[in-house]
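Paired with subunit B in one complex and with subunit C in the other, subunit A is shared by the two complexes that follow.
Let's look at the complex of A and B:
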């Protein structure tokens, strides 16, 4: 799995590429942990290039979300492939994650929240 | 029809090896799109269960993967050498929405056309999964 990082309007954006599973999930968790240690708690994950996810990968995302919320932060997801989206719906995780169609929409939503 | 047999040690790195082997098998047999994703998912879930719950990451215990590819069905057996795997599956409670685990067996049941959890001859757990293939309609 490859992770690339950038920042836009104070939101850390991680683009994830490859498989999100038991072994690779630890890298994503470490990456998010490093951001949170720098007090970056507004985090967006672009999953456009995730070509495989299983329940271990889902567990990592839930764990990340819980950590971020515990620190009063916010996690958003975007660009899920239809196959990944389907798994989120089957497991009902689509109800507890903020999922956007595109990265731009997700990042814009942070401005809306902070302006209101 | 094609048959493949793989053996893996119960270490974390084996999951990546198994997924790479599986991707190669599926590619060789031109299995793509949703069939590929669904088959990879159910095998991955059963493999993770065998690794963590069945063999409890004991590197001296193996996980065996048997794959049969037919024109109308994709079948896979995952066999571990543990003692607790089957009991854990049978006593599994519904997964919690905010839980970080417990979704694997639900996903296997959802995506498999048929699935059986049984005791293997070696005393471990055998997960037998079948995926009926979506045959293309012939149009005249």
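Let's look at the complex of A and C:
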């Protein structure tokens, strides 16, 4: 799995590519942890290029979400491929995560909230 | 010309006809002439008994405009018939600037009613050239004309009238209200200066109008002139001052420096949100960042279902920042709220729920509305607090399926393998959404025991449990599920074999695909097709030569599927495997082959495809032509 990182309007954007399972999920968790240590608690995950996610990968996302909530931060997801979307629907994880159709929409949502 | 006059004469005669259609034809045609006689006819038609005729005449007069029309219409202003008078006024306003000169001439009419109507019309036309004449009417002998003149000057909005208006204010008590309102419409530094003076009046009516006017034309500097009125004991004056400050604040993007006694106006401001007053809503929500207190929080919570989605989002964020005291207030308000509001509350709580909030919410888990119970289940789940597992288990027994489903999903987010058997029970629910929710929860659990139990379920007495097991194993996606799924390829039920293959295709990361290769010989074509897709998905297009024997499959749809897979492979070398179908007997395979060969860019196939241009099946002819165009361009 590859993770690329960028920042836009104070939101850290991690684009994840490949399979999201237990092993690769650990790298993602480390990456998020490193961001939170730098007090970056507004994090967006672009999952457009995640072509596979299993139960362990989902577990990692839930765990990341819990950590960010604990730090009073915000986590958003976007661009879920149809397979990933299917598994989110089955597990109803959409009730826990803020999911957007596109990265732009997600990043804009941070601006709307902070501007108001 | 004489013909025209003659024709107009005929039409005027027709206008007297008792027949509606004759009069309608006449009034329509008269509109095409500019001659005074035609205009007079149209004006006459304004008194027709039929509304339709009157309306056509009015439209035509507006189009023609001109002095004659205006002068004739002005005559109607003295009519006893209110309908005709109003219609004439309406037309004159629509004629606009072209009617102003004729109207000004009537400002000295002996009839004060006509003078008043003329002033009203000129005001509505808003013609600046009429302003000095209208100003003169502030000295009219009739008070109604004077009041109308002040109002009209406000409508015209010419700053040159301010002096006359101020004189009128000083000289005539009866028109002060109209003068203040007019200054509020004219605006500008000079008008605002006088308005500030009038804010010192003892007359509440004038004061109210002055505050309102300052709110319309005022600026940031005006706020200090309004502040003392916020303290007024007269509620309508105080609220008018608040409303004026709100207007100024909105116009200046909230840049008001003064501290405002907002607590005093909380009912007024929150009622504004309830009444969907955009300005009051925007102002109130913007001030909330600096406006704390339990009462405010409670008022805010009562109006959440009146705000739009965008505002709701920002409120939710604000409440999240407030934290525990907000959740306490929400929970206190909860029993009083209706279902719609309860669901909004739950969505807010979901943002920052913890064990303590979840605990307090438990008392509402038997709410009469199932949608509320469903949302409570989700919030309890989001809390992630282990003490919520038992209450959620109780909710999985709810009489409504959606609530049971939500409870199972919520359990999946944080329960552990000790709850596995409990979740498996959910797979026996009578409703699919509840069974799927239980399966989702088990997928999230994902330990070896779950895989083992699902493997056993592949041979469960109930076919539905077998289906769920095959599906769930694929979604768990762990390497440990590959073996059970391979074993499921020998399942007696073809739908289970197919589900197992589809699940393997999703996992993809599989070394040894021998069992899938065997599935290419499955007795069921649907299984063979799935196996073919899965193998290519796992091994990539390089495997195609090894499975090309499916092009000879007894089932036409397997052959069709294989042709499409080759087309999608992107490897032109495989084109030769499917060229043979162009000469075949089955049209559906010919079409698939044409499409796939085109996708692969196989120029070798051009001569074979060319022959199909004379095929008896027009679909094939058309596909062949398109293919040749594409291949020749490639």
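A few points about this structure:
Methods note: the second predicted complex is superposed on the first by the 116 of 116 C-alpha atoms of A that agree within 3 Å, B and C clash if a C-alpha of one lies under 4 Å from a C-alpha of the other, contacts with A are read in each partner's own complex, and residues count from 1 in each chain.
Definition applied: contacts are C-beta pairs under 8 Å (C-beta built on N, C-alpha and C of every residue); 3 or more make two chains touch, one makes a residue touch a chain.
Quantities reported herein were computed from a predicted structural model and do not represent experimental measurements.
Aligning the two structures on subunit A places subunit B and subunit C in clashing positions.
Within the superposed three-chain model, A:83 lies in touch with subunit B and with subunit C [touch as defined at top]. Of the two partner chains placed around the shared chain by superposition, subunit B and subunit C are both touched by A:92. Using the contact criterion defined above for the overlaid structures, shared-chain residue A:52 touches subunit B and also reaches subunit C. When the shared chain is aligned, subunit B and subunit C each come close enough to touch A:62. By the touch criterion defined above, A:23 lies against subunit B but remains apart from subunit C after alignment on the C-alpha atoms of chain A. Once the complexes are superposed on chain A, the part of subunit C occupying the same space as subunit B corresponds, among 2-10, 146-154 or 488-496, to 488-496. Subunit A residues in contact with subunit B (one complex) as well as with subunit C (other complex) are 19, 21-22, 52, 54-56, 58-59, 62, 66, 83, 87, 90-93, 95-96.
By the touch criterion given at the top, residues 12-13, 15-16, 19, 34, 37, 40-41, 44-45, 48, 51, 95, 97-104, 106-107, 110 of subunit B touch subunit A in their complex. Chain contact summary for the complex, subunit C toward subunit A: residues 285-286, 310-311, 313-314, 317, 350, 352, 378, 381-382, 384, 406, 409-410, 412-413, 436-437, 439-441, 443-446, 475-478, 506-509. For subunit A in complex with subunit C, the touching residues are 19, 21-22, 52-59, 62, 66, 69, 83, 87, 90-93, 95-96, 109, 112-113, 116.
Chain contact summary for the complex, subunit A toward subunit B: residues 19, 21-24, 52, 54-56, 58-60, 62-63, 66, 83, 87, 90-93, 95-96.
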